[in-house]
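Questions regarding the structure given below will be posed in turn.
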Amino acid sequence: MPEPIIRIDNIVKRYGPLTVLDGLSMEVMPGEKLALIGPSGSGKTTILRILMTLETISDGFIQVDGEQLYHIKKGGSLVPADERHLHKMREKIGMVFQHFNLFPHKCVLDNVTLAPMLTKGMARAAAERRAMELLDMVGMADKAKSMPAQLSGGQKQRVAIARALALSPKIMLFDEVTSALDPELVEEVLNVMRKLAAETDMTMLLVTHEMGFAHDFADRVLFFDRGKIVEEGRPEDIFRHPKQERTQTFLRKIIAAGHRV
Amino acid sequence: MPEPIIRIDNIVKRYGPLTVLDGLSMEVMPGEKLALIGPSGSGKTTILRILMTLETISDGFIQVDGEQLYHIKKGGSLVPADERHLHKMREKIGMVFQHFNLFPHKCVLDNVTLAPMLTKGMARAAAERRAMELLDMVGMADKAKSMPAQLSGGQKQRVAIARALALSPKIMLFDEVTSALDPELVEEVLNVMRKLAAETDMTMLLVTHEMGFAHDFADRVLFFDRGKIVEEGRPEDIFRHPKQERTQTFLRKIIAAGHRV
Amino acid sequence: MEWDWEFVRQIMPTLIEGLKITIIATVLGAAVAAVIGLVFAILRMTAPAPIARATSFAVEFIRGTPLLVQLYFIFYVLPDIGIRLPALVAGVIGLGIHYGTYAAEVYRAGIENVPRGQWEAAKATNLTAPQTWVHVILPQAIPPMIPALANYLIAMFKETPLLSAITVLELMNQAKSIANSNYRYIEPMTLVGVFFLIMSLISVFFLRWLEERYARVEER
Amino acid sequence: MIDWSGYIGLILQGAWVTVQLTLMGSALAVVVAFAAGLGRLSRFMAVRALATTYIEFFRGTSIFVQLFWVYFVLPFAGITLTPLQAGVLALGLNVGAYGAEVVRGAVKAIGREQREACIALNLTRSQAMRHIILPQALPLMLPTFGNNAIELLKGTAVVSLISLTDMTFQAQVVRAQTGSTLIPFATILVLYFVMAWLISLGMRWLERRASRGLEGVRA
Amino acid sequence: DENKLEELKEQGFARIAIANEPPFTAVGADGKVSGAAPDVAREIFKRLGVPDVVASISEYGAMIPGLQAGRHDAITAGLFMKPERCAAVAYSQPILCDAEAFALKKGNPLGLKSYKDIADNPDAKIGAPGGGTEEKLALEAGVPRDRVIVVPDGQSGLKMLQDGRIDVYSLPVLSINDLVSKANDPNIEVVAPVEGAPVYCDGAAFRKGDEALRDAFDVELAKMKESGEFAKIIEPYGFSAKAAMSTTREKLCAAK
């Protein structure tokens, strides 16, 4: 049996007096597609941000691809990692943000080529060739020379996906990638994500409020509430026959709000 | 038969090259509850703002409560009114805004008492007594000492209604008073408005996208498009059996967007 | 040349005399600036177009030219047309007009930052124009201006040494005169620097406090 | 009869000194503004403390005092500068301290989201600064830099007090020679104003260039 | 230091401090430096093998600190010898001698004839260059600090007198005459010399430690005095060569 690619071990995350994650443990297998759902404030974004090293953890251990993420071995003991270690570990992980976070002063193509050229020392020609493939995959090849300000939200998000893929990470994190979009633009982004899920064996963690999409996309769904995994299982089970009271209430509310499941 | 309290006669409103209202005429009877509906940009807000003298008109005449709004008689001819006349006319009219526009540096009570004390020379005690009645009516009596920043949108809007009522205008104008509110706060404001419509014989003009509410509230509905009244009638007729093509399309779209009718 | 504490002790009273004048000039200059700034701001915002434009040009001109030269102008040229001001008065007026142009900008921004909806709400509740200014606009416009105005107050304080060029015996001039008669620049100049540093460190804390207290725009 | 053409020539010589002071002072100010502004955002406590001390010191004491220090006191530490060098140094360091705060403010204004995108793309801190943050922060700095440059221009008048023959100084000389006060002072007021106006024109041009491609991002 | 002269030769010029106070020192419309003191200094430095002088205009008060700070190689500005100045710098032998004078309103309404008169009249304000001899004389005579207005330059002083900001403006006789004749103002008159104020002479002032340079300067100065060239330079400006030759540095520095 293969080793999990992510092993979260009893982590704690506090913001001042507020404990957001209180002893969370979970594992993700290589190639698994995971959907994280749950009410607002339950800590879903926080988990992704911790994996992307945008936050620090207050306690616990995280292992990614066989190595500690936040710690290094030093003389037989584990000590907090330095920036160099984090830099190395980030090679394995990519993230797509809710608000795209494209670089507004660079054209679409440069947004995609920048990181490979800087972090991997790729030559411009090679980086551009690869970028054009990715832009083609997300249907944005014809906009390669446009500036982000000239794109719609859905187009921006597709560029952001291409940008994250350009570094060929083993793990991709998606945080509500459609929730900042006008309703008519959601589908074009979800289509790209579906293609991605089907065509690659990347490990993917997805936070979403689109239950229908979570259903189609995920191998496994985790339902969070107040920083804990309340229920997990195959999408069919979670969505059709939730066992926990809280999961049921949550899904009922979501349906009432008009999201299809 | 009573005289109309508002008589709009062939008014024109231009913003630079853009003509927003092009020869609009309409009448409102005393005590009538009118709903103005129609697509975005059709000029609904503009009409209310003109009645409140927040804009000027490019041409035409408006009579309010038997007097010209924008003109005064001078030696047998009508000349544009001065600020003094406008000030007198504004006593008859009150307005509630989409974004509340409460005075942020004054507490709820002071927001309501300020204008009666300044414009009508009411004594503080009398003004506060009346203000507390009104705040009680909109269910905000217990927040009399709060600052606007401490209130939710729905609470703010209820205070704004009380503030406008404190001057006892004959005519009240409501411009999309719920559209800046979170969905769960809409109902509390609409309830206040329903009570108001039922209990007073004020003349009311309401611009709204809440078709269901317009249906319950209004004696008469005017459907606007591009600065013209396309169709008008009793709410039952307009909503159930619209005659005009454009009204039908508009209502279809609204329903598709999830607003109940 | 060595640092001489005895000399420091000896010149301290003279420097304190100068510091007093410096503070007086700052306070009076600030008062003038506050008033003149208001005049500039009102002229620019409400006067008929030609006057407003002339005011704008005057403000730009004053802001684009050095205070030192303006002081020379007030002190040496104005007497030719019969306006003979005592040195300190000339200095205060120079500071006041120069910083008045900055204050005008702060006033304008403060007033323009009051949302349009506030003007409209005032109209809809039938307040007159003066009532609107007094009860609605100014109470909202002024608090956010205070830190910016205080900032210019401090800047002005630091420019008072220019008054020495028109013979005002403020801190810098006293220091120079000490240096002139004793041929020592190190102690007086260093002390002047220290005085300024102390005053502005105090004002930095004061400013932070003002900002905390008044500049919370997000509550609007 | 007064030989005005000669005196105008003198004032123009002074104007050239003023221009030199402004240009060199601004150049120095920009360099130290970036060094100190970025220094204040450094990870290293010592660098931050150093930058903060520099900024607070130069913003806290008057340019006037700084100038006299550089001119009369520094030589005792073995550093003797020409009046021009002293003027450039004092003006540059003084305005640079204000500029540092502008740099810091602009860099901080480039939001958390851009920083996080850089981390997610595994750029190093210096790569992120160089390729992402600064290019976006620059257009934000330019308007205030323009104002600072004008303040620096106005500050050059002060150097006349350490016998640097700038425009104000030459106006004084002309005044001493001719006994006329109005003409030299009115002349240099206009010249200063023209220079200030040229600076703001130039800055606006730079701003347009630097924000090219960013249209629509910041309305 | 010992090699100062060699350094100056190498450098090709000497940096002198001047004040722009004709006839002692003056700057022409073309920016050219003249006046009795720089003309003498230029000539002597030339003879010493330093072909040129570069002048910077400075307030009197800033000259000695500037010299000490190494900003100037010499002061040639009519900075009169006084004991405390002699203690601060190394003077050459006397060059330009002059008495003190007052410029005041026509008819001398306050009747001011000496610095003491000013001290005794609580309404009288005197203007003088900052750090100059006149300021010190006024202070020494007991005029309180706030009635001694430090004036940045001669023109400002005259202007302030005309504008009534000061009652008397004090400079050496020749300077006042030059200033007043240029102003051509019938409402101004000159009191010269001031009663009780001695005749002062200046010399070229060098940094303490540069005595070798000063001595070399003195040698050439003495030769010029001898040959009459000295008189030829300074007398057109109105100065008396005889006055300078009839006294010595030692006498002037010891004076009380």
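Order of writing sets the labels: A, B, C, D and E. Residues in every chain begin at 1.
Methods note: a contact is a pair of C-beta atoms (placed from the backbone, for glycine too) under 8 Å apart; a residue touches a chain by one contact, two chains touch by 3 or more.
Values in this document were obtained by computation on a predicted structure and should not be read as measured data.
Under the contact definition, chain B and chain D share the contacting chains C. Listed here as common contacts of chain A and chain D: no chain.
The interface carrying the most C-beta pairs in contact is the one between chains C-D. To overlay chain A on chain B by their CA atoms, one rotates by 175 degrees, a value rounded to a multiple of 5.
Chain centres here are Cα averages; for chain B and chain C they lie 47 Å apart. Work out the mean CA point of chain A and of chain C, and you get 54 Å between them.
With centres defined as mean CA coordinates, chain E is found 84 Å away from chain B.
Listed for chain B are no residues, as none touches two or more other chains. For chain D, the set of residues that touch two or more other chains comprises 72-73, 76, 175, 181. Each of the following residues of chain C touches two or more other chains: 1, 76, 165, 179, 185. Working note: touching chain pairs come out as A-D, B-C, C-D, C-E, D-E. Residues of chain C touching chain E in their complex: 1, 76, 79, 84, 86-87, 165, 167, 169, 173, 176-177, 179-181, 183-185.
Chain D contributes residues 3, 6-7, 9-10, 13, 71-73, 75-76, 80, 83, 162-163, 165, 169, 172-173, 175-177, 179, 181 to its touches with chain E in the complex. Contact residues on chain C toward chain D in their complex (touch as defined above): 1, 60-61, 63-70, 72-73, 76-77, 80, 158-162, 165, 172, 179, 185-186, 189-190, 192-193, 196-197, 200-201, 204. Chain contact summary for the complex, chain A toward chain D: residues 52-54, 83, 87, 90-91, 93-95, 97, 99, 101-105, 107, 114-115, 118-119, 147-150, 163-164, 167. Listed in rising order, the residues of chain E touching chain D in the complex are 20, 26-31, 56-59, 62, 65-66, 69-71, 152-156, 158-159, 182-183.
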